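Chain IDs A, B, C, D, E, F, G and H follow the sequence of writing; residue 1 opens each chain.
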Amino acid sequence: MGKRYEICLSGSGGQGLILAGIILAEAAGVYEGKHVAQTQSYGPEARGGASKAEVVISDEEIDYPMATRLDLLLAMNQKSSDSFYFDLKPEGTLVVDSTFVTQTPTTKAVCIPFTEIARKELGREMVANIIALAALATLTKVVSLKSLEAAVLARVPKGTEELNRKALQLGSKAAKAILKERKPESIKGHGPDHEDTAYE
Amino acid sequence: MTAKGQTKTKQAKTAKGKVAKKAEVKDKQAKTKAQKKRFEVDFYRDWCKGCGICSAFCPEEVLAMNEKGEPEISKPERCIGCAWCEIRCPDFAVRVKEKKEEEVCEA
Amino acid sequence: MAEITKLVHKYLRHDKKFPHVWCPGCGNGIVLGAMIRAIDRRAYRKDDIVMVSGIGCSGRLPVYVDFNTLHTTHGRALTFATGVKLAKPELKVIVVMGDGDATAIGGNHFIHAARRNINLTAIIINNNIYGMTGGQYSPTTPYGMKASTAPYRNIEHAFNIAELAVTAGAVFVGRGTVYHARLLDKLIEKAFVKRGFGVVEVITHCHTQYGRRNNMGDAVAMMKWQKEHAVRVEKSADMSEEELRDKFTIGVLVDRELPIYTEQYELVRKQAKKTIPS
Amino acid sequence: MARKGKKKPRLLQGNEAIVEGALAAGCSFFAGYPITPASEISEILAYRLPQMEGTFIQMEDEIASLGAVIGASLAGAKSMTATSGPGFSLMQENLGFACVAEVPCVIVNVMRGGPSTGLPTNPSQGDVMQARWGTHGDHPIIVLAPSSVRDSFDITVKAFNFSERYRTPVIVLSDEVVAHTRETVVLPDPDEIEVLDRIRPSMPPEWYIPYKDTSSGVPAMGIFGDGYRYHVTGLIHDIRGFPTARTDEVEPFMRRLFRKINQSFHDIQIVNRFMTEDAELIVIAYGSVARSARRAVLDAREKGVKAGLLHLVTLYPFPRRDVVATIRDARVVLVPEMNMGQISREVKRVNEGMSRVATLNRIDGCMITPQEIYERLIKEA
Amino acid sequence: MARKGKKKPRLLQGNEAIVEGALAAGCSFFAGYPITPASEISEILAYRLPQMEGTFIQMEDEIASLGAVIGASLAGAKSMTATSGPGFSLMQENLGFACVAEVPCVIVNVMRGGPSTGLPTNPSQGDVMQARWGTHGDHPIIVLAPSSVRDSFDITVKAFNFSERYRTPVIVLSDEVVAHTRETVVLPDPDEIEVLDRIRPSMPPEWYIPYKDTSSGVPAMGIFGDGYRYHVTGLIHDIRGFPTARTDEVEPFMRRLFRKINQSFHDIQIVNRFMTEDAELIVIAYGSVARSARRAVLDAREKGVKAGLLHLVTLYPFPRRDVVATIRDARVVLVPEMNMGQISREVKRVNEGMSRVATLNRIDGCMITPQEIYERLIKEA
Amino acid sequence: MAEITKLVHKYLRHDKKFPHVWCPGCGNGIVLGAMIRAIDRRAYRKDDIVMVSGIGCSGRLPVYVDFNTLHTTHGRALTFATGVKLAKPELKVIVVMGDGDATAIGGNHFIHAARRNINLTAIIINNNIYGMTGGQYSPTTPYGMKASTAPYRNIEHAFNIAELAVTAGAVFVGRGTVYHARLLDKLIEKAFVKRGFGVVEVITHCHTQYGRRNNMGDAVAMMKWQKEHAVRVEKSADMSEEELRDKFTIGVLVDRELPIYTEQYELVRKQAKKTIPS
Amino acid sequence: MTAKGQTKTKQAKTAKGKVAKKAEVKDKQAKTKAQKKRFEVDFYRDWCKGCGICSAFCPEEVLAMNEKGEPEISKPERCIGCAWCEIRCPDFAVRVKEKKEEEVCEA
Amino acid sequence: MGKRYEICLSGSGGQGLILAGIILAEAAGVYEGKHVAQTQSYGPEARGGASKAEVVISDEEIDYPMATRLDLLLAMNQKSSDSFYFDLKPEGTLVVDSTFVTQTPTTKAVCIPFTEIARKELGREMVANIIALAALATLTKVVSLKSLEAAVLARVPKGTEELNRKALQLGSKAAKAILKERKPESIKGHGPDHEDTAYE
């Protein structure tokens, strides 16, 4: 299936993962002209329970729109880290919110405390999802930070632009810190290389 | 979260005197006894969803929500055993028990 | 002091996973508790209770309790319950419905069950919204509020469920809130005891779909709202219209006597048997 | 049809015979909403059921009627409703519920001209495919079609028996001609009638698993109040009756639903053969049209035409085996129907051999006459 | 699917694209009742319609919704409703009314797992036969199935056009996957879209005969308030619209109803062929499953298997000619569906040649994957 | 003296066969006449009137008159009418229903149309029975009467259609009889003029299916019954409960003001247009 | 028929004074004039179904049902032109007209 | 179709023709053991308009239950005489109620004023149908008068037995009078011969 890249953003109900999925898909699809398909889990589980958004990005037309073998998994709570890890390709990347995920299923996991960063640095837990997106983009280059910013700003409520910009910066920063510590191979991103200097 | 915290505190204050007392008088005949007794509040953590209802409406501010959004017993000694926390918990995750003497030390 | 939760657990299903599906803070769990307390006080046998519901968040309620439970199609709970009751009048049939379930798609069955005075207890969990499907306005969403299908505010007038029940013929009508959880179990108990069609409207909150959209805050804030806007019906008599403007009454609103269907049908049977040629 | 015996025959309408059949099969609950040409069933049951401790109720509409029927069945009563096209359309949602929750019940649809209000007092066979496919979602269903007053009795008994044995709604698809024709019949005595009841659980309640698979595919059915408390839902459920969306629970559930019917084709699929052995021209007919077809076959035989009739009593599950076996060596298969061709589609679908499937359709509210079929047979001969 | 052009693509859900299609086609009235997975259509139209002088109303149930849609259409508005299985079942009676009274309207059914409440958040294709046969009485119907977000737009436009051109309800049969998948699309500009309107009478009102036959079989349609007063009824009616049961009036009416669709198969039946020319293995698929099928065919071709895909966009009137022409020389026809085999029945029915019709069914609430189809293709190769 | 019949003929369809299908003496024809007189007095254009009905004997009414007429499915007339009215608010939409049509199968649409206060005139021809299908009891068949499905007498309690309409939200409710045929056209006219959901309940007789079975005599006898049991609402105020026991009131029962749906929707449109990015 | 006839007669009697007069006063302002005028009642025989309503409620007993069950004008001179027969006829088969002088002879 | 005998009883709504049809079918089917099929017209026409009951009597099983080519037509009003006469076989018998039928389509028609007889002799128009049945039986011998009487008495309300017996006698008498005047061939009855002395 060639240039197909599968991402899953998972966590619990209130963490804004569906919105994150849409933003990611828009960044890739609208701002970078890729083919994208974004899906999500519905159902009573979505009622305060688990929440999951999937994004498939490809250079060709996407037939099957759901993710089956993940290239990238974001897990924002322990349960989703546990359950969806099995869908990850061996060479896939797992990123967890270490605020809630205390046991990672692999040592290769990238651990960043998105929620804690959001709470401490911005006083608003609800932007943890945006921080996470910036981190994912930085780590895997699946979309450029520029596209991501454009997509974020187009979707978030008026008046929160600054907050979200800061969130993007924080996410990118946290990811860069990781990349400095660890070898890039350990993160297995397939995304294209972007000339990317937006958030130093 | 912040918003919730605020609401809760306000609620607890205004609720304090009136609501709880009325409720006790009406619903618990054992009121006078209860005040002499000591009570213990238990949470089924597995079932609790952290909604904050138990603590918000505790007439004696016995309960409070912690940083992680979980209910905690902040002032155990003030509990009057009215069981409003228990009755209002949507998830059957609170249990108010009368303390037995031995248990008092353990608590 | 009664160990309420222990008591509740006695009636929950052991083979069903908990916590239940509802959002953190959803009032449905409080209603469930009140219902169980009322049942326990009446000392009904579990085998004798049939709990029937429609579709909606509220409709998920019966699955958690260890009775004969029946989760029907959307809006039709009362019709199924009617069949159960007529086929086995000795069963205690309790029907749980959402506001949409009971008064939107199921509105007709509601007024007809009331008219027939079928011996059922109908508990309507009124959260002023279609919770399960994502916050569309219901026939009880107040004028002027927002909903996912009323982005410019709702222009429809809300039903008064209790009045509708009375006009249609219900013999017992009570209204409570989840905030007033102890009054609630008493009202439900009264409805259980009542012979004929008894209705308890429970004012509750759906902070997820309704509160959030209307800046009414979380579950705690909405329960506070209930506290502040509910007036005991006994007290309301002494209050001016002005004082009652944005309030609603709670308590027993109507309690009267009318012949009930199952008993009347016994008379039909007697009559019918006379016509059999011997 | 009138049988010579000690008993005096009675002159009954098809609709009356359905009532007699229902009562003979143990029906004790009926909920309905009047509609031509099914109303007599309600009216007579309103009179008869309370005489024998049964219950009749007229509901506010057809949706409510089937709701009440399902409820009553869950409480242990053999239950029935009766309607015609418009009401049958309204029942579709709850019909699906009965399938999924496996609630025995009998639904009589006396077909009249459709669609919509259509031709309310004319006969039709326009609801055959609807009976099979009218509710959303894939499901098996049993559909039986009477062709005479006596048939109406027998088939209604069978319908109750099938519904109880297979825990499924069964549809009796009558038509205006059969419903309103009066014929003399001698009804069998109660002891001549086989009456089946649902299998009830026999284990202690703690051991009861309400939707557990069995060799028959039909789980034992607890009824409300008998101590076997369980959960009934229109959601897909696991073996305990609890809602599930887990593939490993959904899949076996759905397969069992189909299997319980599919593995009992031999019991469910009823056909009558008339002069088919050596027939080169086979007429396949059902309902009132089968009467005309029988006459036409007789007349054609008189003219030396080797015609035969396969009369389908069970329409669904479609008696594929019988049809295939009967038509295999026929040159032409003629399917006369009071619709645009519904069973003929099924015949075409299963047609393996070289037989040509011809159709004869009327949708003008008139019954197909023996003459019309006869002429087609002569033409095809 | 994303097209390179000047316009920026938009990321839309299938349900959103249906809204865009409806508005592009001139829809100005929507009445509905919420249900997963169709609710977004209501929600977005509640927001969008009043912006453009249109009307959105949430009715008390699905029966009322389709009633209001029919009423609005008779008053001249292009009208639509959207629902899923349970609601679609409830709409069946009024759907028949729209057929008989020849009222243009569009009904979207976003399929979820059935029967009954079933699997409310899972995809399914279980309502295909219901869309064709769900209402009582014989009737023709147009059913279209989108497989992607862009399809959802195009097909909705087509649905409105067909409904207006043929004065008939048109069903858009989407499924949960298509409805909820977000894809980037570049929607065409208004001037790139063909929009058809019903033919209105042009003679003086005294000369207007509302249900007069024409060469197209589609009578000109007066709308309430425009001076062409006439009678609309769900009873079978004569050319003036008045109820009749006269054979010589019923018969031509019913025949015309069918003829107006049948003689326009060329316009209505839409299929997409993908690598079918030399294919020995033909996959016939529709809706979201067509996506998996396309991938599977590509993968199979890579392995040297001569596979091809016939993607049905129009499900009814069943594109018999296209199917027959495509499968005639195929050895095997594989019909993967998220049901127990509904379109595969049709394929079997029309199958004239020697091709073997194989099925691949899932009814567990999961979409059929490319892998599954691919493996079957390899096996059949 | 107005030539009433001539006037009526002006509105009848010339291409439709007469006499109409109804039984000799059926009140439906009298209602039709009253309706036409009211329409004529309001001088509505024929083109602007849409007359919608459900299924039943009463449902056959529109076919005889030269308006835009719509004979819908059983019980659903108000839903179709809602669509017509919302799509073209300038049309005068009149809905004719039987008691079964409006309050049995169509009961829900009735209370919802009233609740929304859609600008329609609903005329309910209440003959206390399902006439067309052969005399089965309807939700307005009085307790204790016989019907083809109540051979041992009816045990259900009847709806009070007018009260139901009021509770649900109708702004105008009138009740008349076919005996009081001149009052009837006035009530209908008032309902026409009223902005919002107006209901006129017409008490009529079905001697064929109801009267005969209940020994109430023929059409004439049943009209006499109407005469004797109807009390003008103005007069009823001065009467004791005893005097009113088996009587019913006729006249204007309720006339009040509430915002109407179509106008409210105009406000929604205004609001909506503000959200369009310019 | 017999029963119908009886009802009719009774009806006509009791109805006579009260009903009709009230009706006239209220509904016909032309009462005084009307009494001086003369009226003619016409039946569309094709549409009449013989229900008897027109005659039963004629306040002046102008109309009566004949043997064949058809309405007839038995006392034409008594007609006051109140038009109740016309208004109550379910079949639009009665027409009350003011007589022109010439017509008086013809009638 | 061998021994098939088709009868149509027609008239207007209130004339009791459906009941007459049922009685006739019962006389033949229940009391004489023949095969019978009885059908009727429904519909809004039945609402005060036309009314029609058909009875098919046969020695063999009856397939098609509706009458198509009538052996015997009873027309109780002008309209039904006019419309259904065309369904009569050339050799069939037409019997009309001459109270209402003033123009008969054939001179072979048997004219008896059933309603007038009922009104004058019994004071009850509603038994005209029973009088007619007795006349039909006497004219055509399609059923015996004995069977007919049994069938009538089993169906009519308690307390009206005597009235109905009288009606039967009157019908039979009127028919016999006709038979005396006219040659029996002119009536073309196919019914079997019954030893019938019940109503002299």
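By definition in this document, contacts are C-beta pairs under 8 Å (C-beta built on N, C-alpha and C of every residue); 3 or more make two chains touch, one makes a residue touch a chain.
Keep in mind it's a predicted model, so treat the numbers as computed, not measured.
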Target subunit G, source subunit B, minimum contact steps: 3
Far-end chain from subunit E, centres as C-alpha averages: G
Chain pair with more C-beta contacts, E-F versus D-F: E-F
Rounded Å distance between subunit A and subunit C, as computed from the means of their C-alpha atoms: 43
Centre distance in Å when subunit C and subunit D are each reduced to the mean of their C-alpha atoms: 38
Rounded Å distance, subunit A centre to subunit G centre (Cα mean): 88
CA centroid of subunit B to CA centroid of subunit E, Å: 57
Two or more partner chains touched - positions in subunit D: 36, 47, 50, 60-61, 63, 86, 93, 97, 116-117, 120-121, 233-235, 245
Two or more partner chains touched - positions in subunit H: 43-44, 48
Touching two or more other chains - residue numbers and ranges from subunit B: 49
Touch list for subunit F against partner subunit C, complex: 104-108, 111-112, 115-117, 139, 152-153, 155-160, 163-164, 166-169, 258-259, 261, 264-265, 267-268, 271-272
Interfacial residue positions of subunit D with respect to subunit E in the complex: 63, 84-86, 88-90, 92-93, 96-97, 99-101, 109, 111, 113-122, 124, 126-127, 129-130, 132-139, 233-236, 245, 247, 250-251, 254, 258, 339-340, 342, 345, 348-349, 363-366
Subunit A partner contacts - residues on subunit E that touch it in the complex: 1-2, 4, 8-11, 36-37, 120-121, 176-177, 180-184, 288, 291-292, 294-295, 367, 369-370
Touch list for subunit C against partner subunit D, complex: 13, 15-16, 46-48, 50, 52, 55, 62-63, 66-73, 76, 78-88, 90-91, 108-109, 112, 265, 268-269, 271-273, 275-276
Subunit E residues within the subunit F interface of the complex: 28-29, 31, 47, 50-51, 53, 55, 57, 59-61, 63-65, 67-77, 79, 93-94, 97, 224-227, 229-235, 240, 242-243
